[in-house]
Amino acid sequence: MELILQNLISPVTLAFALGMIARWVRSDLEIPSAVYQGLSIYLLFAIGLKGGVSLSVTPVRELIAPAALTLVLGVLTPLSAFFFLRSLGKLGRTDAAATAAHYGSVSVVTFIAAIEAVKISGMASNGYLPALLAVLEVPGIIVGLLLARESKGAGMKAAIHDVITGKSIFLMVGGLVIGALCGPEKIAGVAPFFIAPFKGVLCIFLLELGMVAAGRIQDLKAAGFRLILLGCFLPLFHGSIATVCAVAVGMNPGGAAVFGAMVGSASYIAAPAAVRLALPKASPGIYLTLSLGVTFPFNLALGIPLFLYLAKNAPKFLS
Amino acid sequence: MELILQNLISPVTLAFALGMIARWVRSDLEIPSAVYQGLSIYLLFAIGLKGGVSLSVTPVRELIAPAALTLVLGVLTPLSAFFFLRSLGKLGRTDAAATAAHYGSVSVVTFIAAIEAVKISGMASNGYLPALLAVLEVPGIIVGLLLARESKGAGMKAAIHDVITGKSIFLMVGGLVIGALCGPEKIAGVAPFFIAPFKGVLCIFLLELGMVAAGRIQDLKAAGFRLILLGCFLPLFHGSIATVCAVAVGMNPGGAAVFGAMVGSASYIAAPAAVRLALPKASPGIYLTLSLGVTFPFNLALGIPLFLYLAKNAPKFLS
Amino acid sequence: MELILQNLISPVTLAFALGMIARWVRSDLEIPSAVYQGLSIYLLFAIGLKGGVSLSVTPVRELIAPAALTLVLGVLTPLSAFFFLRSLGKLGRTDAAATAAHYGSVSVVTFIAAIEAVKISGMASNGYLPALLAVLEVPGIIVGLLLARESKGAGMKAAIHDVITGKSIFLMVGGLVIGALCGPEKIAGVAPFFIAPFKGVLCIFLLELGMVAAGRIQDLKAAGFRLILLGCFLPLFHGSIATVCAVAVGMNPGGAAVFGAMVGSASYIAAPAAVRLALPKASPGIYLTLSLGVTFPFNLALGIPLFLYLAKNAPKFLS
Amino acid sequence: MKKKLSLVTIVTEGILKEQFSELLQENGASGFTITRAEGQGSRGVRARDWEGPNLRFEAIVSSAAADQILAAVEKKYFESYSVIAWVSNVEVVRGEKFVGEENV
Amino acid sequence: MKKKLSLVTIVTEGILKEQFSELLQENGASGFTITRAEGQGSRGVRARDWEGPNLRFEAIVSSAAADQILAAVEKKYFESYSVIAWVSNVEVVRGEKFVGEENV
Amino acid sequence: MKKKLSLVTIVTEGILKEQFSELLQENGASGFTITRAEGQGSRGVRARDWEGPNLRFEAIVSSAAADQILAAVEKKYFESYSVIAWVSNVEVVRGEKFVGEENV
C-alpha cells in the first residue's frame, strides 16, 4: 500500500493525471504536435543512449541469459495474449492479433516508471535493462502481425521493414549503438541534455499522454467489461511470470521487477503505427483503448508495486 | 540608478531588447508558433511546480496574511484601474473593463524578473511568492469581466469556466498542486529540467515577447498620450501600495518588492485570452498595447528597481 | 589515424551518420520543421553568448591580430574559391559566385566539432574563437554576391541588408553582444540552458542535417567528379593556410586548428538563404551539395584531424 | 459516382477553435479539417498571443448547409472577431458520407 | 495563357504519407503540396499517436488524372482508412508544368 | 448577400515570405492567409534549410486582381524560384471587405 502510494505520488504519474483532468474539465490545453514529436524523438533516443552506455560496460557473458529470456518472452507473450483475447475476449482474428502485437511489445514509459519506483524503493537494479527494452520492442509486433495471417509475402516483408525502420525502433536502436560505441566518457559530454533532464521531459510527455488516455477511457464502455478485465489480467499474468523468470536467471530483485513491468506492459508508440499500416481493418478503438486506457494506468498504479513485491519475495519461493 | 542598470543588463532583459531590435531592423527572425507554445507550457508548469514545492515547506500560518492581502488587492486593483481608465483615460465601459482585467491579473515574466533582481540585490525574499502569483492571477480577470456588465448569467459562468480551465491557469495551478504533493525531494528528480534551465528558456521566450511588443509600440500613437501615461502610473500606484502593505504584513523586503511588481504588473498571457472570448468588442489595440507595450517594459526598467528601493526603506517610514 | 577515429566516434558525429542511415534505410523519421527551427535558434544564440562571454574577458590587444587575419581570409577565401570553381570546376559565373559565397562563410557545426576535437586532444585553445566565427560569417557572403555582378545598386544593398539582418547572423551577433555585456557571472544564470546541454542539442540537429546531407549525396553524381574533388580540395587548401597563419599570429595550437577548420568550412545555414534570395539563378544542386554533401563530412572525417596535426607541427616549420 | 457538394472555408482566430467546431457540427457538417494559418487582413497583423495563430477550417457540406453555416458565422462572429469565410463548388466520391442519409 | 485544370485535395492519416505521395505520382501528378491538418469526422476524434496529425494533400492535375486518383483512393483506402477527397476546378498559368508535354 | 470573387492560391519557398506578402498587397489583395506546407515538384524534393518549408498563400480578390497577381508572379518569380499558383471561383459574404469600396 505504502509502495503503491509512493509510486503514484511522483511528478511523472501526477503529470499523467493532470493531463486526464485537463480533458475532463475541458481545458483548452494542447501540446502542439511538433512539440510532442520532438519530445518523443528526445525520449527514445535518450533511452537508447543510456542503454548503449550500460551495454558498453556490461560483460557479454552476463547478458546472455537475460537476453535469451527476453527473446523467448517477446515471442510467447503475444501468443498468450492472442489466445486469451480470442477465447475470453471473444475478439475476431484481426483485432486479437493487432492487440496481441501491442501486448507483445513494450511501453517505454511504463519501463521508466518502473525504473524510478525501484530507485525509490532502494532495491538493486541492472544496468543493461534498456538494452533488453530494445530487444523486446520488435519481436512481439512481428508475431502479432503474423498471427493476423492477413498480409502475406511482400506485404509481410514490407510490414517488417516498416516496423524495424519505423522511427521509434530506429531512434532507440540508433541511440543504443551510439551509446555502446561511445561509452560513458564520451556520452558524459551530452549527459546534461540526454540524461539529467530526462525525467522532466517525461512529465510533459505524460501530460499529453494523459490527455490522449482520457479520450480513450471514454471508449471503455464500447470496449466492454470482458476486455477491460483482460487489460488488467494480461499485464499481471505476463508480468508475474517475467518477474519470477528474471529472478531465476539471476537478475537483481529491482531489475527483475522492472523486467516484469516491461514484459507486462503494452506498447502504445511503436505497435500502433505498425498495426495501423499492416492491419488497417483492426480497430484502434480496441487496441489503443486497452493498451493506453487500461493497461498503462493499471501498471502505473498496481502492476509495478506488485512486481516489486513479487521480486523481493520470489527468491524465498524459488529456494 | 545603479540598481536600474543592474536590472537592465541581464540576459533576460537584453533578450527582450534583442527581440524589439529584430522587428525594428526587419530581421526575418521568427519563433515558430509551436515552439512558442511549448515554451509557454514549460514556463507556466515550472513556475507552478516551484511554488508548490515552496508551499509544501511553508507553515500554513505564515501564509494566511499574505494570501489574504493578495486576494484583497486582486479585487481592488481592477476596480482602481477601471476608475482611472474611465476618468483620466476617457475609455468606454467595455475597453476600460477589459484593460482593468489585465491590470488586475499578473504578468508572470515581470514576476520572474523581479525575483531575479532581488536575488542580485542580495535582499531576503519569501519562498511562497509563486503561490501568491497563482492566487493573484484569477480574481482580477473575473472582476474585470464583471465590470463590463456585458455578459450575464450563462455567458458569465462560461467565461469564468474558461478563465479557470484556460491553459495558463490550469498549468500553473496543476504544477502548484503537483509540487505541493511531491515536495522538495521528489521534485529534485525533475529539477534539472524544470528548475535549472528556467532562466535560459525565459530568454528565448522574451525574444519572442520583444518582437510582439515592438509591434505593439507602433500602436502607441493610436493609443494616445493619456493612456501611455496611465500605463506608467497604474503599475507605480498599485505596485507602491502593494509593496508597502507587504512590508506591513511582515514579508521580507525582497519579497515585498516582488509582491509590488506582481500587483503592479499587467497580464498578457491569461487575461488577453479570457477578454478576447468574453468581451470581443473591447479593442486589443488598447489592452495589449498598454500591458505589453507600456507597462511591461516600464516595470522591467523602472518599476522593479523602484519597488526594491521602496521595500528597503518602507520599514523606516512604517515605524 | 588514431586522431581521425577519436574524432569520428563521438555522439555528435555518430548522430550525423545515424541521420544519413535513416534516409538510406528509408525510415519515416522526421524532425518537425518547427523543432528544427527551434534548435537552430538555440544553437546560434548559444554560440553567440559563449563568444560574447569570452570576449568580455579577453583584452582587446590580444584580439587585434586574429580579428584582422579573420577579415583578410574572409575576403580572400571566396576569391580563391571562385577562381578554382571557374577554372578547374568549369562553373558558370553565377554558380561559381554562389558557391564561393558558401566557402567564404563558415559552418557553425564544423566549428563546434573542431572545438570538441581539440578538447579531446588536450591541446590549448583560445576563448575568443566564437567571436571570430561571427566576424567570418558575413564578408565571404558579400564578396560572393559581388562576384556574381548580377544584382547592382539597390539590389545589392537589399541583399547585404538581408544577410546582416538574416536570422542566423542576427541571433549570433545578438548573443555575442548580450554575452559581452553581461559577462561570465550574469551568464552563469542561463548556463544550465545555453551552455551545458549545447552538445546534446547539437546531436539532434545533426540527426536532421545527416538526413538532409544524405539527400544531397544522391545529387553528387549530377555534380560531377571535378566538383567533388574541389569540395575536398578547397577546405584542405583554405584550412591549411589558415592554420599556419593562425599559428604565425600567435594563436595556441588548438585554437589554430579550430581556426583552420572554420576558414576551411563552407556555410550551409546563412549562405544558402542569402544566395537563394540574391542569386536565384544559381543552382542549389551545386552549392548545397558541395557544402553539405562533400565539404562538411570531409572536414568532420579528415579535415579537422589534419588541421590538428598541422597546428601541432607548424611551429617547428615556422621556426 | 461523383457528387457535387460545397466546400466551406473559414479562417478565424485560434481562440475560437471550440466554438467554430461546434458551429460547423450544429449546422450540418459531418466533419471538418483544421490547418494552422497565419494571416494579414484589414485589422492589421495581430499580436500572436498564446492562443496561437489563425485556424483555417474546411468542411464539405451540402449547399444548403453551406448557406446555413455562412449565415451563422455572419450573425455571430463577423462584427466582433476576425473571421473570413468563402464557399466553392467541389465534387466528391462517396457523397453520402457528408450529407447524411436523408438528403443524398 | 491560363489553362483549366483540376485540383484534387485529399485529407488522410499521417501514417500514410509515403503511400499517398506514391499514389499521386503514379497517377499522373507532377507534384503535390502537403499541409498538416487536424480533423474530426465520422470516426470521431482520433487519438493522436506519434504519427502526428492528418495530412492534407493538394495536387494540380488534368481532369483525367483527377478521376484516376479518386478511383485509386476509393479502391485502396476508403474502406480501412480515414480518407476524404474532393476535386475542384482551377485555372493555372504555365499549364504544361502539370500535365506533361504530351497532352497540353 | 453573397458575392462571386476569385481565390488565388500560391505555393512557394519559405524564403520569399516577405516578397509575396508585398506582391499580394500591391496587387489588390486586402489580406491573405498563409499555411506552412511541404511539397514535391518538378525540381525534386528541396533540401530543407533553415528557411523552413514551403508557404501556401491564399487571397480572396476580385477577378481582375487575380489576373494581375498571376501576371506579376509569372513575370518575377516563375523562372528562378519554385512557385506554383492557381485561381478558383468562390463566393463570399461581405464582399466589400475584399475588393475596396470603389468596385463592389
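We just call them A, B, C, D, E and F in the order they show up, numbering each chain from 1.
Basically, a residue touches a chain if its C-beta (ideal position, glycine included) is under 8 Å from a C-beta of that chain, and two chains touch if they have at least 3 such contacts.
Since the structure is predicted, the reported quantities are computational estimates derived from the model, not experimental observations.
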Chain whose Cα centroid lies at the greatest distance from that of subunit E: B
From subunit F, the most remote chain by mean C-alpha position: A
Separation of mean Cα positions, subunit D and subunit B [Å, integer]: 36
Mean-CA-position distance for subunit E and subunit C (Å): 40
Rounded Å distance between subunit E and subunit F, as computed from the means of their C-alpha atoms: 20
Multi-partner residues of subunit D (at least 2 other chains): 35-36, 38, 52, 88-89
Of all residues in subunit A, the ones touching two or more other chains: 28, 32-35, 37-38, 167, 192, 197
Interfacial residue positions of subunit F with respect to subunit E in the complex: 9, 11, 35-42, 54, 56, 70, 73-74, 78, 84-89
Contacting residues of subunit C [partner subunit B, same complex]: 32-35, 37-38, 41-42, 45, 49, 162, 165-167, 170-171, 174, 177-178, 181-182, 186-187, 189-194, 197
Residue ranges of subunit B in contact with subunit D within the complex: 33, 36-37, 40, 167-168, 212, 215-216, 268-269, 272-273, 276-277, 280-281, 284, 288, 292
Subunit C contact footprint on subunit B (complex, rising order): 9-12, 14-15, 18, 21-22, 25-35, 38, 116, 192, 196-201, 203-204, 207
Of subunit F, residues touching subunit D in the complex: 2, 5, 7, 21, 25, 30-36, 60, 88-94, 97
